[in-house]
Amino acid sequence: MKYELANNLFRRKHANRNRFFVSKKKTHQFLQDILEILYPHFNQNFIQSEDDLYIYLNKTELLLIQILHDFMPHEEAKQIAVTFFSNLEFVRDQLDLDAEAIFVGDPAATSIDEVILCYPGFFAMCIYRIANIFYKAQVKTLPRIFSEYAHEVTGIDIHPGAQIGERICIDHGTGIVIGETSIIGKNVKIYQGVTLGALSLDKCDQNTKRHPTIEDNCVIYSNATILGGKTIIGENSIVGGNVWLTKSIPKNSIVYHKSDIKMDIIKPDSEPEELFYEI
Amino acid sequence: MKYELANNLFRRKHANRNRFFVSKKKTHQFLQDILEILYPHFNQNFIQSEDDLYIYLNKTELLLIQILHDFMPHEEAKQIAVTFFSNLEFVRDQLDLDAEAIFVGDPAATSIDEVILCYPGFFAMCIYRIANIFYKAQVKTLPRIFSEYAHEVTGIDIHPGAQIGERICIDHGTGIVIGETSIIGKNVKIYQGVTLGALSLDKCDQNTKRHPTIEDNCVIYSNATILGGKTIIGENSIVGGNVWLTKSIPKNSIVYHKSDIKMDIIKPDSEPEELFYEI
Amino acid sequence: MKYELANNLFRRKHANRNRFFVSKKKTHQFLQDILEILYPHFNQNFIQSEDDLYIYLNKTELLLIQILHDFMPHEEAKQIAVTFFSNLEFVRDQLDLDAEAIFVGDPAATSIDEVILCYPGFFAMCIYRIANIFYKAQVKTLPRIFSEYAHEVTGIDIHPGAQIGERICIDHGTGIVIGETSIIGKNVKIYQGVTLGALSLDKCDQNTKRHPTIEDNCVIYSNATILGGKTIIGENSIVGGNVWLTKSIPKNSIVYHKSDIKMDIIKPDSEPEELFYEI
Amino acid sequence: MKYELANNLFRRKHANRNRFFVSKKKTHQFLQDILEILYPHFNQNFIQSEDDLYIYLNKTELLLIQILHDFMPHEEAKQIAVTFFSNLEFVRDQLDLDAEAIFVGDPAATSIDEVILCYPGFFAMCIYRIANIFYKAQVKTLPRIFSEYAHEVTGIDIHPGAQIGERICIDHGTGIVIGETSIIGKNVKIYQGVTLGALSLDKCDQNTKRHPTIEDNCVIYSNATILGGKTIIGENSIVGGNVWLTKSIPKNSIVYHKSDIKMDIIKPDSEPEELFYEI
Amino acid sequence: MKYELANNLFRRKHANRNRFFVSKKKTHQFLQDILEILYPHFNQNFIQSEDDLYIYLNKTELLLIQILHDFMPHEEAKQIAVTFFSNLEFVRDQLDLDAEAIFVGDPAATSIDEVILCYPGFFAMCIYRIANIFYKAQVKTLPRIFSEYAHEVTGIDIHPGAQIGERICIDHGTGIVIGETSIIGKNVKIYQGVTLGALSLDKCDQNTKRHPTIEDNCVIYSNATILGGKTIIGENSIVGGNVWLTKSIPKNSIVYHKSDIKMDIIKPDSEPEELFYEI
Amino acid sequence: MKYELANNLFRRKHANRNRFFVSKKKTHQFLQDILEILYPHFNQNFIQSEDDLYIYLNKTELLLIQILHDFMPHEEAKQIAVTFFSNLEFVRDQLDLDAEAIFVGDPAATSIDEVILCYPGFFAMCIYRIANIFYKAQVKTLPRIFSEYAHEVTGIDIHPGAQIGERICIDHGTGIVIGETSIIGKNVKIYQGVTLGALSLDKCDQNTKRHPTIEDNCVIYSNATILGGKTIIGENSIVGGNVWLTKSIPKNSIVYHKSDIKMDIIKPDSEPEELFYEI
């Protein structure tokens, strides 16, 4: 190993930075701590009493300040931490409603405990509701580290800037993408693979609303793609699987896509070339 | 930090629960232990002899009893553990066949070792076959924690209640969802993004068969969606990519979906508004 | 627990192997070490000076030799390690360009730091560019363990054998599959769910080019499927979402798929049976 | 680093041994586990109920079998483990009496809790009473690893073969050495630096009694040295500090050593050469 | 393993206690944290700036509160913690003087850094000066856990209640015992094995001064024993090795003990029986 | 917690130092690594072959360079590391002889394995022989950190500068102190509490020989104190327990100290005031 390599890599590594980044592990630790504070299902340490929890809360606040300090001066970090913890009971309120919505919405769920323990949709909502508080407090980058953590664990990618109402039901959720300026009402159910995206036309201005609005009580089936900041899915509507929508639909609508399917009996030596593939 | 916050959160956290949940880490540890017991590729400790393995098996049994004890009385937990370990050789038999099926089914695979080490499909089948034993023993919630672990790691979501035959070939698998009452025969190959789901009509009764049946030797290409408890894909059939199926098809069928695609040459200032988007 | 079980499992576990496999944890550790060596954003240890980095590089080289030694004799492992580290600055060059491409390509990105910290697409490219060096050095299996690690974390599956040019922009990326013999030019943008696969016809010969070629400056929208070793997407082309392509298209083309969508107003008792489902 | 060095060292390292030794850490872990099982003061894990303790006992038994297996066949190890655990309540009985004796014997002790938490003498008795069971079961070497652990932590070296009665009071204890064939009655108090050793004359036969006997209710003050297998300190006797004894003394004796001390007033330039030193 | 054993042990273990004790590991962690806060030589984490140290101080304060909470109500614990930290700069002042005294007092010491890094006497003084603050704040048991930690590491046993002046020089120190009501002046040097103890006569009343007073500028050579609450070693005095003192001596005294030694030439078959021994 | 405290402590902490010290844990790790490299009894990792050991040696060399780098420039550190490892086989030779000497010298030892696993004297010799190489290479401070580690674990304090011959037998060893310029021949046996120190007269010049010389085949019984750089214990001599020697003795001498002991029968109300004490 030539010493020169270390020299070059070190120079480049620290070209634009004097400080070290907080390790990602610490940000993940923070999220796990908050979950443990909120629900006994995420138990890792042993919090036996109000006093224990009080000390644990203080510890977690210190960890948060340490993390935030990477992105802002110390005093500001303390202020943000205070804001966050003053919102924590509200987060718990919201998450209780989400858990209930998932439990009601999925016939396979056998208990609220199962929802909290096993549902990636619930986990993703936990992280989203935490990240959203930091987004609203105008913290840069950190809420995105949080949402990317949820993405890693669940395959669900909810931008912390999205505005999402109460009682959201996401079940498997793999592949869901919800963009930064999306607005989602109450009682909405979203299946896996759904994209709420921006049309390229909108992209010139980062500050306009670029992603769609989903009003109350809608259901969006799997792999539906809904695009555009002016696109509004009216309340009580249903969007079918694989639908591609770039226009608004009125309330109480149902939109679906009936695909054209052909069926043959397999004969030797007759495989249609373009259908069968390997990866 | 106000003490009142700790007080409120503690009260709510333990509102419905006197006990602590076993940490998820322990359930994941159990799965990793079983994999290490089965294959040298999941080596984490150093098991050098039959005696070492015997002790390691006993340790893992204790861990399992500890985990199960969260959900049932101690004696029952011990009984379930005995049942599980008496099935462990059978699990190994099944997984050997799955590994072979993947190796044969994927031209890119260079050895069985590579399949065991690198294929998410194999990992998902490992966890499914373990979880399924607990499901059949009527353990609640835990098998779902197991299947959700596989989902996290691989993006493949196989409900532990599904009945799946021998020699299943899943390769990349991201986005696969296989519902609780699905029945899958032998020698079936399933590509990424495939959903075996329930029609809403079926949902009234949680105990009926709500998910489809795939008979022996079928191939289901990527992103195909097959729905309904009465839907049967007859043996030796092929379901093409993106196909949406809610009816049975006879054996030896081939079903596909030829999409209607348009092509233009790009001209300045002519981008079709609804096609291009950002997220 | 019967001793006989340990005996049987041990015998089967080591039936074909005398040695132990390097634990996956070590291979993941190696990847994390390399990332920490390259960018301060992946900070886990405390590397304060060129000297620290030099020692850290040497440690990482030893870890690599230990890992490689599972697959080849010791001397050969040392040679491969030398090759790898001599390519490390080149990897850093390439990744800087990728980060820049993502930053430019995504209006939501607020800084290069955010891209490096949060974008799964960037992470997947890091692992791909590392794995590709080992693939080119004809190391078996290991590059696949690496790519599977990226798959686990990001849901993006890039085969280490793919040939990928500079300035690749992948953002969310969940579900992307890029096959072994794919060739991708410069400045290409790929959305989530895209598959670059092989037609079954090609599979007879593992050594032929089985996956498509994407030329410079193309954009491939989400869930597009492009198949076949002879399929070439000409430069500057755009492939729309959900498009299924098995033929080449000339440069400057735009291909899209306008789906046929129906809309109704929801009426009581009128749900179309095949549209709504549960999983 | 020359490869030859590794070669030579490896060859020598394993010249006489095919197997690996159990790590000392495991033997220390076992001792800590037993202490945690016996007293809540050694709390490291969280044992919340009889069920938890039952599982923890089983785990500790497995660890013990694994450790013993280094020194004997598997079946024998299991038998010894059964013996040990059947003696565990007796050990607790004995230790309760020891703690009480220390509490009564030291005016500075404020509670039994303080004795258990802070007194090296109590810790040394814990390890001795555990090690003694294995010694009596004729396990080789392991009891000595245990006693050496106590020696490391406390500076007190009690050979596991010593026969020691109830209610032993050892306080600071640094430097105490109690030989293999020592016999100590009940209610004995031993200060720091005391040696119960063997005369060289006795050493020819390893199986004879080589170390002294201390009868009930004796007090041995600091740095006293008592030697010889036939030396008996009669009951209720007191041995003063720094006394060197190689003969028996009758019961109710008091033996002391009044040293000859000189005192001067320091004058300039008059330091007695042999008195003052540095190390 | 019989379940009954777990039952009995659990019942006895928790007979007198409802709560769990804080683990000793946490108390040791606290001491290590304080040392790291005071001197860079005890570096374990990476404290890079005043801000980092501020957060680290807060963390350590929380740990302290958690530990104290085992022994007192929460509010009181917080108050003690405030007191402790307000004394921390004073502790640093004192320790700087101790380090200097050791450096000056030991010709073998090559730098203050070496003293801080390697001298058990310095380590023991660190822990004593920390423990003494808690003793003065009337915390029970905890200061003794602290002093016992120093005893474990160094073999030096200084009761937290002793009153010890500035610039104390302890070097090797193994076996030193300094009792609870000892008073030691400034500039005192104490060699290994020295005991400052209580005469049995004094023990009736735990609250009287039972241990000796050592005035300024004294030197106490190794294994000297000084006993009694009324015993005063006048300033500038020297106490020789192995001296046993139970009376006061005036200032500027020198006390020593010239032992009576015999020398022979070894002849075959003539070993004096009582001299040679084995342990 | 006032921020000012952090500020003051940080300023003082780093007043004289720009860099961080290597953590003591790393130096202890290095010693444990070397012991594991030398003997299978110190097994912590799993070194299965010459290749494994080769990699492990390289890792340990890197750790050593990292540690040394705290005290010297990088190039010099590398040079010292090379020197150390070229002496490693010699260290093993020496330690084998020491183990044998202890085995032969202690009738209680049942095997060489027991000596290596359990004897503090052997452990102390291991660390001394390692530290001595660094001392001879003129490394400052580090060898003293090493010897202090042995002191912590065993209570035996051998200065790394001492010159010690082959086949040294130390058994319990608690309290042994061997000064920097001591010279010890071959086949010497040293009991616990022995001091080889310097007379104060010698201290003016740090570079003169200040500590005694013990020639071949001597035995030094417990708590003997031998002082002075010109003091020579001639070969084959025996120094009895508690002897205080500041003059040379010829070869084949035997020196002992017969203490004057008084014995009474205990009578009520007659305790001699100065004899009985508490601590």
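Some points to look at:
Going by the order they are written in, the chains are A, B, C, D, E and F; count residues from 1 in each one.
The rule is simple: contacts are C-beta pairs under 8 Å (C-beta built on N, C-alpha and C of every residue); 3 or more make two chains touch, one makes a residue touch a chain.
Predicted model, so just to flag it, every value in this text is computed and none were measured.
Contacts with subunit E and subunit F are shared by D. Contact with subunit D and subunit F alike is made by E. The equivalent interface to E-F, defined as the listed pair sharing over half of its contact pairs by residue number with it, is D-F out of B-D, D-F or C-F.
Rounded to whole angstrom, the centroid-to-centroid distance between subunit A and subunit E, based on C-alpha atoms, equals 55 Å.
Chain centres here are Cα means. That of subunit A falls 59 Å from that of subunit D. Each of residues 20, 46, 51, 54, 58, 107-108, 155, 172, 174-175, 177, 179, 192-193, 195, 198, 203, 210, 223, 241-242, 244, 260, 276-279 in subunit D touches at least two other chains. If you sketch which chains touch which, the pattern fits none of the simple shapes: not an open path, not a single ring, not a star, and not all-to-all.
By the document's touch criterion, interfaces exist between A-B, A-C, A-E, B-C, B-D, C-F, D-E, D-F, E-F. By the touch criterion given at the top, residues 20, 48, 51-52, 54-55, 58-59, 62, 65-66, 69, 74 of subunit B touch subunit D in their complex. Subunit E meets subunit F in the complex at residues 37-44, 46-47, 49-51, 53-54, 57-58, 61, 85, 88-89, 92, 107-108, 110-111, 113-114, 117-120, 153-155, 172, 174-175, 177, 179, 192-193, 195, 197-203, 210, 222-223, 227-228, 241-242, 244, 246, 259-266, 272, 275-279. Residue ranges of subunit F in contact with subunit E, taken from their complex: 1, 3, 5-14, 17, 20-25, 106-108, 140-141, 144-145, 147-148, 151-152, 155, 157, 159, 171-172, 174-175, 177, 179-180, 191-193, 195, 198, 203, 206, 210, 219, 221, 223, 225, 236-238, 240-245, 249-250, 252-258, 260, 271, 273-274, 276-279.
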